[in-house]
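In the two assemblies presented below, chain A is common to both, partnered first by chain B and then by chain C.
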Partner chain A sequence: MLEATKLTKKYGSFTALNALNLSVKQGDIFCLLGANGAGKSTTINLFLNFIEPTEGLATINSLDVTLHSKETKQLLSYIPENLMLYPNLTGLENLDFFCGLGGKNYSKEQLEELLKQSGLQVDFIHKRVSSYSKGMRQKVGIALASAREASVLLLDEPTSGLDPKASNEFSELLLDMKDKGVATLMATHDLFRAKATGTHIGIMKEGVLIHQVEANSISLPELEELYLETMKLSQTVSS
Partner chain B sequence: MIRRIAFKEMKENLYEGRFRVTIIIVSVLLIMATWLSLNYFKSVQQQHADAKANARNIWESQDEKNPHSAAHYGTYAFKPKYPLSLIDPGVDKFSGISIFLEAHKRNEAQYMAAADQTGLARFGDLTPDFIMLFIIPLLIILIGYNAFTREQELGTLKLLKGQGISSWKLALGKWVGIFLPVLILTTGLFVIAFILLVNVEDFGELNYGVLLLMFVVYVIYYAVFINITLMVSAVSKQSGISLVSLLVIWIVVCLAMPKASSNLADSIYPYPSRQAFAADIDKDKKAGLDGHNPWSQAAKDFERETLEKYGVDSLSQLPFNFDGYRMQKGEEHEAQVYFKHYAELKNTFRNQSKVYQAAAIASPFLPTRFLSMALARTDYRAHWDFSDAAESYRLSLVDTLNMNLAVNSTYGDWAYKADRSLWKNVPDFEYDPPSLGDIIGRNWSNILVLGLWFLVSFVGLKILTQRV
Partner chain C sequence: MKKKSSYINRYEFVSLVRQRWLQFLILILTALVLFAVLNGKQRVDQRLSDIQSAQETVAEKDSIGIILLDSIEAGFTVDVPRWYMPDQPNVMGYSYLRVAAMPPDEMAIIATGQSDIYTHYVKPNMYGESFELNYTELSNPVQLMFGSFDLSFVLIYLLPLIVIAFSYNILSQEREQGILQVIASHPVSVFRWLLQKALMRYLLLSGILVALLVVILTFAGVSLVEDFEKSLTFSFLTLGYLLFWFILACLVNLRGQSSANNAVWLIGWWILLVLLVPSSVNQMANSLYPVPSRAKLINELRVVNAHAEEKADELLEDYLRDHPELAGFEGGSVGWQEYFATQDLIKSEIQPVLDEYEIRLKQQQDWVDRIRFISPALLLQSSFNEISGTSTRHYEHYRQQVSEFSVVWRDHFLPMIFRGEKFTKEMMPGLPEFKYQHPTAYRLSVTNTFAVFIFCSVLLLLGALWSMQSKTSLLTH
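After this line comes the complex of A and B, so read on.
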């Protein structure tokens, strides 16, 4: 379970994230929507402890990520916007390496099965990652999350740049993870994907979580309208 | 975790053409250098053995003659070729291989191999020590310059850190990933050298402890270079900047510092010119007793002192041949003159060595270079050692011959001829090189500085990788 309590990040006088309160429970997919610079990636980076909060608290399974960095990282799996793997190694070798770093050791057959389950084409499993598309790399990332048996998944615009088919496949994998009880926090620009896969949706602007709704309580047009209104509000505030 | 990162690093390197080509080139160069060295040393060793046997044969084949004439006839002391000179020939080519031993004169070593080469010899020879001291550090730079920068450029660093791995463990994994191929290469060279050495006939006694210590010295040298490479990679923003920075460091450490320290040492503590050195010796020799000049004031004084000491009125009443006795005393005076002037030379050498040792603080190359040569017994200290042993032998040889003349003949009896058995009874020149303990004792500061380089660079690596 992910929890942010008055989580704030400031860079000098600039506030990247302002008193964020957020809770993502097991089996939840919380989608954070917002324009560039809204604070989505900052939120993810704070949970990853890549940056330290100025104020407030970020916890994973009740463990403060700043105090229990190693333990919390064992619990989570992270897929950035553009998952970069080692291009000279195969998908299987990359998966084996990253699983090993997380203390999980699998046989070659098990790793192949994980990659197959993540939707990677069989004939690419033993090919070098340099020949992979972005979607294929993201699938290796999902395989890694499954392999690590992560209870928390942090995704930073994972479907950005993916073609609709690959994006759809990725969403299906996320739903599988949801069914396994994984708590997912996903930053995205894709309203349609957020509505289709998310259980909760948050709309951020200028470091503030303006709206927080349950996905099934709002239709896609309503979500779009709410989002655009928020963005207009943002422009008004800015001007 | 460290093992896994190291294994991944090696696997990635193996897949890269840059690494494979570099390793192949360095391996081929090492094999070529070892093969060339082996052939050269086998040939020189044979020449030494032949020349030594020939010189002894010529010495023993002398006819009956005045022993002092035999002292002037002279013989040679040959510097032994040491097994590890196969790996590091040091200054052997420039220090000469034999010393002509004769009465009244301490000669310099002669027959320098470098003198037989053309001006192209200035480019240096392809020897194993050249590959190990200059090329393998370059190999380390080529393998490791982008160890951290590449992770940043690829974007894999975030994913790595997301797995909960600490920067220090990541650095250690990368360290091992670079160290292992270098270790395999170095071990391969030493194993090949060992196999070759034990199979070369009459190649001298190989001290396994020295071989092992030389191996350890090189391994520490490479560890220092790995630390430096990783530190630079950790603080660089781009791989290109890291590579250029490391190449500049290599140029300074391996090329500029040794030459600069040599120039500095020579300007602070200059050696006298050969002419000035010879003139000073000549002047001091003339100020004392000349065994061949019975009319000099020094000879007259010595004659008077001897007559008083033995309580006799004339030289013919002495119980020995005064001519032989005077020549021996003249020899002893000359020996003292040589001792004094060579001591000054050695003092200059020691002072210059201190400059090198101070410069070693700025370059791990220098202590490694000196330790390697010292362990191979091909440094200037080993040459001094041999030169002193040859001088000691010369004095003993001349003493034996002069005293034979003094004891077995009477004053004015220039017709005396020693039996041929005398030449055979004079022992051949035997030389025990400095022991491992002596070498360590003389090089403790180099060992200390190299050790400090390792420790300080390792601590530096730990501190700087925190920023990754």
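After this line comes the complex of A and C, so read on.
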């Protein structure tokens, strides 16, 4: 389970994230919406312990990520906007390498099966990643999350730039992960995808989580209206 | 269960093979080491050949001398000029010389050192210019320290460039490609991942290099087992130096800058440590302990010579007073007697100038020895020269032996000249022979090896501290 308590990140006088309170339970997909600079990626970077919070606490399974970085990273899997893999290695070799870094050992057959389950075309499994499209790389990312048996998934705009088919396939994979009880925090600009896959939706502006709703309690047009209204709010609201 | 390090090693190796780095390293290192060793072998072979040729000339001349002596002693008239007659001790002392040679050490192939400015054999005769003057061309012991395309040049100058090309982007490449964030999201520290990756590359390069050195040096006739201690020191120094450049590359990468920026920084360090520091040390040695000019020495010698010639009669009397064992004989050449008498004066008068030379050279060398710790390149060069037997210390040791031998040679004939005695065939086997004595073992190379590894440890520590500071900049930009 992911939890942020008054999580704040400041860079000098600039506040990138302001007292964020957030909870993502097992089987939840929490979608963070917001414009560029709203604090979505900062939130994910804080959970990854790439940056340290100025104030507040970020925990994964009740473990402070700054104090238990190794243990919390053992629990999570991260897929950035553009998952980059070693171009000279094949998809299978990349998966084997990153599984190894995560402390998981699989046979070649098991890795092939994981890649197939993630939807990667069979004839690409043994091809070098330099020949992969972005969607194919994201599928390797999902295979990695499955292989690592991650209980937490952190996604930073994972469907950005994907064609609708690839985006849809990715969403289905996320729903599979949800069914397995994975807690997912996803930063996205895609309202449609957030509504379709998310269990909870948060709208951020200038480092503040302005709205937090359950996905099934709001229709897509309502979500769009809420989002646009939030974006129109004066800067003073957030402060 | 396989360790994380085994995954890093395995896929690092696969990546390097697929990027053709491994093939490039084998090719470039083979070419460089082979060329350098062949150059070194050619130089050593030339040195051996020169010494052998000189010894053959001496043997040939001796056999002619024996034939002449046979004829003279049998009462035949020999058709040679007076100044070639071997029964004259002054002729023997001047023409029938021994070779005072400094044969190359077992590992002389490694470093040219001072061998390209010093001679390796001389034939000291009983008169003529003082032997010491042959060495006054040397103005600075580090002046020609770096120069020939030998193995030490490849290892000290070129190897760091290969390490830089191989590792300038060891972390920045992943960072620029966005892979570093994915790696950092795993339960592995970026610093440890970097170290493992660098260690893999280091072991790969070291393995290739050591294999090439063993094969090529053995092929060139160097027995690495015969002088195992030197071989081991040479290996440790080389591997330590290699490690130093790898750690420096990691440290520069940890700054979190672009690959291009890293390359510029590393080349800057290379220029500083390999080019600027040694040349500055050379300049400073010259400035702090300037060696008197050779012109001054020659002028002084001429003045003393002229003065001595003017007072030759008086000097001979003084000389005979000091050497009563040579006085009271009839038949000796007065001219030669006066000559040798003046030589003592010349030597004593010129001695302060020669001493000044030696003192300054020693001061320069001592200073260089002390300051060598500021650059691993200096540490390596002084060690390689020491291991190869081409250091200033080796040549100074040889010079002293030759000086002593020249005195022994002269003193062998001097009483005969003063007594007016003839040289006979029976005296031939009793002629003094020069035997080169290797200088006593010097622990400089071992100290330098430790110093190189201390450099590495300090850098590693800095890297560990730096990695804690630079985590954010590495992962979020």
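By our rule, the second predicted complex is superposed on the first by the 233 of 239 C-alpha atoms of A that agree within 3 Å, B and C clash if a C-alpha of one lies under 4 Å from a C-alpha of the other, contacts with A are read in each partner's own complex, and residues count from 1 in each chain.
The definition used in the following text is that a residue touches a chain if its C-beta (ideal position, glycine included) is under 8 Å from a C-beta of that chain, and two chains touch if they have at least 3 such contacts.
The structure displayed is predicted, hence computed values, not measured ones.
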When the two structures are superposed on chain A, do chain B and chain C clash or fit side by side? clash
Looking at the overlay, what does A:86 touch: chain B (first), chain C (second), both, or neither? both
Where does A:100 make contact in the superposed view: on chain B (first), on chain C (second), on both, or on neither? both
Looking at the overlay, what does A:74 touch: chain B (first), chain C (second), both, or neither? both
Give one of first, second, both or neither to describe whether A:52 is in contact with chain B, with chain C, with both, or with none. second
Looking only at contacts as defined up top, I'd like to know whether chain B or chain C touches more of chain A. C
Superposed model, chain B segment overlapping chain C, candidates 26-34, 44-52, 314-322 or 422-430: 26-34
Do any residues of chain A touch both chain B and chain C, and if so, which are they? 48, 50, 69-70, 73-74, 76-78, 80, 82-89, 93, 97-98, 100-102, 128
How about chain C: which of its residues touch chain A in the complex? 1-2, 4, 6-8, 11, 14-15, 18-19, 177-179, 181-188, 193, 471-472, 475-476
So, in the complex, the side of chain A touching chain C is made of residues 45, 48, 50-52, 69-71, 73-74, 76-78, 80, 82-89, 93, 96-98, 100-103, 105, 128, 154
The answer for chain B against chain A in the complex is residues 1, 4-5, 8, 11-12, 15-16, 154-156, 158-166
Chain B partner contacts - residues on chain A that touch it in the complex: 48, 50, 69-70, 72-74, 76-78, 80, 82-89, 93, 97-98, 100-102, 128
